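Dropping the structures in below, format is C-alpha cells.
The same chain A turns up in both complexes below, where it pairs with chain B and then with chain C.
This part shows the complex of A and B:
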C-alpha cells in the first residue's frame, strides 16, 4: 500500500479530518486518540494487511511511522 | 420431537444513563462519537438496591402473566452478578415466583455467550426427557462491577433481565450448536478482586490500564484484545455452525450476534460478508447488556416483524472467558 493511501484510510476511519496527518505525526498525542481509535487501527490492520496487532504492541506506538513499522515496512511502497 | 422458544419477556431497570448524562460527568469525553460509532444512546442502570436477580424476577413475573408457571419444570439462570455466593439465585427465583418445588434449578456463570449456552442446555434437558419446559433467565448488572470513573465501560454496558421459555415441540426448532472456549483470554475481561483468589486485596497484575479507573475490585476490559478475539473467533464460529447445519448464509433469513457494539458488529458483518438487510444492529436504547442482548434482539425483531414464523435465524454469542457459541433457530 502507498503511504499516502494508508494516511487517507487513517484520516477517514479515525475521523481525523481536522488534523494534517503525516508519517511523523504523534498519533497517540491527538485528542481523538482513544479506545475507539485503537479499535479502528486494529480493524485497518486486519482488513487491509491481514495482520493482528496486540494491545501490548499498540501501547508502544507513537507516530504514524511507528504504526507502519509495526504493521510491517515491507507492506508499504 | 424437538424444542422451541415460545416466550421471551424483557425487564429493563427504570433509571437510564444517556450520552448527555455522561458528557456532563466527563466534559473531555467525545460523546458525539458514541452514538455514531458504538450505536448506543442510553443504557438502563439498576438502582442501588436492585440486583440482577431482581431484574430476572421482574422479567419472569411479566412472563408468567402470559404463560402458565406450573408448566415450568426447570430453571437455569445465567449471571455474573449473583446476590450471594450461595445459595443459587435460581432457587431464590423459584420461591419468589412461586414455581413448583418438584423442578430442577441452577445458576451458571457466563457473560455474552450465556444465552446461546443456556439454549443448548435447555435443548439437552428437554430432548433427553429430563424436562418439558425450561425457564432460561439471563440477568446482568455489569454497572455494579464498573468503576464510576471508567468512562469506556460505562458508555458500553447496560443492565437488563430476560426470561425465556424453551419447551417441547413436535418439530425441532433449535438446530445444531457449536461451542468454543479459550481461557487464554481470562485476564482480558475480568473482575480481579472479590472472589477467593484475591478476596480483599491483590489482582492488580491483571490490569494493564494506567488510568484512574484502574481498580482491581472493578471490571477490567482490555478492549483491543477483546476485539482481536472477536474478529478471529466469530468468523470461524459462523462457518462452523453453517457447516454443522448443512447450510450456507443464503439459507439464513436473519442473523443476530451478541450486541457488543455497533462498530464491532459492522466490522464482523463485512468480514463475514453478511447482507446488511438481514443483520441485526440495535442497542441504541439498551447498550451492551451481556447475556441479555440476544433475547432482547430476538424479541425486538419479532415485534417489528423483521423475523417471521419459520424463518431461520442464526444466533452467536461471544465474550468473557473467552467463551462463544452459535446455533440456528426457527421461531
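This part shows the complex of A and C:
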C-alpha cells in the first residue's frame, strides 16, 4: 500500500480534523488519539494488512512511521 | 446435592474455557457428556479430563447448520436422548462501530446466537428429547446487559441470547424444557486473555479491578450450570443470572 493511502485511511477512520498527518506526526500527541483510536488502528491493521496488532504493542509507538514499522515496512511503497 | 446421573448433556465450545469446565463438572456429577468443539486436539484433552461415563466428541463447526442434526442423531443413537444443553461456543471481538459490517455481524451472530437457536430447535424434537424434559443453558455474558466501546457485535449477540432464551422458555415449557441464560463476568480463560490483548492497559486494569469479588474461574461458572442442569432447579426458566463477582453492580 502507498504511504499516502495509509495516511488517508488513518485520517478517515480516526476522524482526524484539522490535522496535516504525515509519517513524522506524533500520533500520541493528537487530541483524538484515545482508546477508540487504538481500537480503530487494530481494526485497520487487520482489515488492510491481515496483521494482528495488540494494544500492548501500540503503547510503544509514537509516530505514524513507527506504526508503519510495526505493521511491517515491507507492506508499504 | 446436585446429581446428574442418567443425564445426557450436550456442550458446545467444549474444547476450552468455560465449556470445557462445564463438561468436566457435569461428568463428575454423573452425566454422559457430548462434547462439540472445533479443535480436535483440544477436544481430546477435554474428553481425557472427563470422569467415567459414556462420553462422545464431535469436532465440528456449529455454524454448519445442515450438519447439526446428523451429530445429534448420532449422539442420541449412542447414548440416548438429551437432558441438557449448554451453549458455550462463542467468539468475541473488539471492533469499533465504524469498522463493523454485515460480514462481521454475521460471523459473530452465527456462532454466538444462531447456532444455539438451531441446536435448541433440533433438541426440542421428541425423537431427541428426554421424556422427563431438559434444561438448556446459553452462556451469555455480563456484556449482554452492559455496554462497552468496540463491542456492538459481541454485546448485541450476548443480549440476543437472553431474548431468545425467554421466548423459548415460554414456547418449550409444555415439553418440560427449561431455558435460561447465565451471564459470566471476567473469567480467566484463553478467550479473555485474547480480548485483553486488544485493549489498552488501563482499560484492562479497570475491567479486572471492577468486580467487587475480582475475576472468576471457569469452575465458578460450571457450579451454576451444574445446578441449572439438575432437577434442583426445576422451577427456574426464562431467566438470566449474573455470575460475575458483582461486576454489573458498579
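Just so we're on the same page, the second predicted complex is superposed on the first by the 77 of 77 C-alpha atoms of A that agree within 3 Å, B and C clash if a C-alpha of one lies under 4 Å from a C-alpha of the other, contacts with A are read in each partner's own complex, and residues count from 1 in each chain.
We take it that a residue touches a chain if its C-beta (ideal position, glycine included) is under 8 Å from a C-beta of that chain, and two chains touch if they have at least 3 such contacts.
Nothing here was measured: the structure is a model prediction, and the numbers come from that model.
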First, second, both or neither for A:55, with chain B first and chain C second: both
Partner chain(s) touched by A:32 [first = chain B, second = chain C, both, neither]: first
Touched partner set for A:23, first chain B, second chain C, both or neither: neither
Touching partner for A:7 - first (chain B), second (chain C), both, neither: neither
Partner, of chain C and chain B, that touches more residues belonging to chain A: B
First, second, both or neither for A:47, with chain B first and chain C second: both
Shared contact residues on chain A - chain B and chain C: 35-36, 38-40, 42-43, 47, 54-56, 58-59
In the complex, chain C residues that touch chain A: 94-96, 98-99, 149-150, 197-204
Complex interface listing, chain A residues touching chain C: 13, 35-36, 38-40, 42-44, 47, 54-56, 58-59
Chain A contact footprint on chain B (complex, rising order): 30, 33, 37-38, 152, 208, 222-225, 227-228, 231-232, 263-264, 267, 270-271
Complex contact set, residues of chain A against chain B: 15, 32, 34-36, 38-40, 42-43, 46-47, 52-56, 58-59
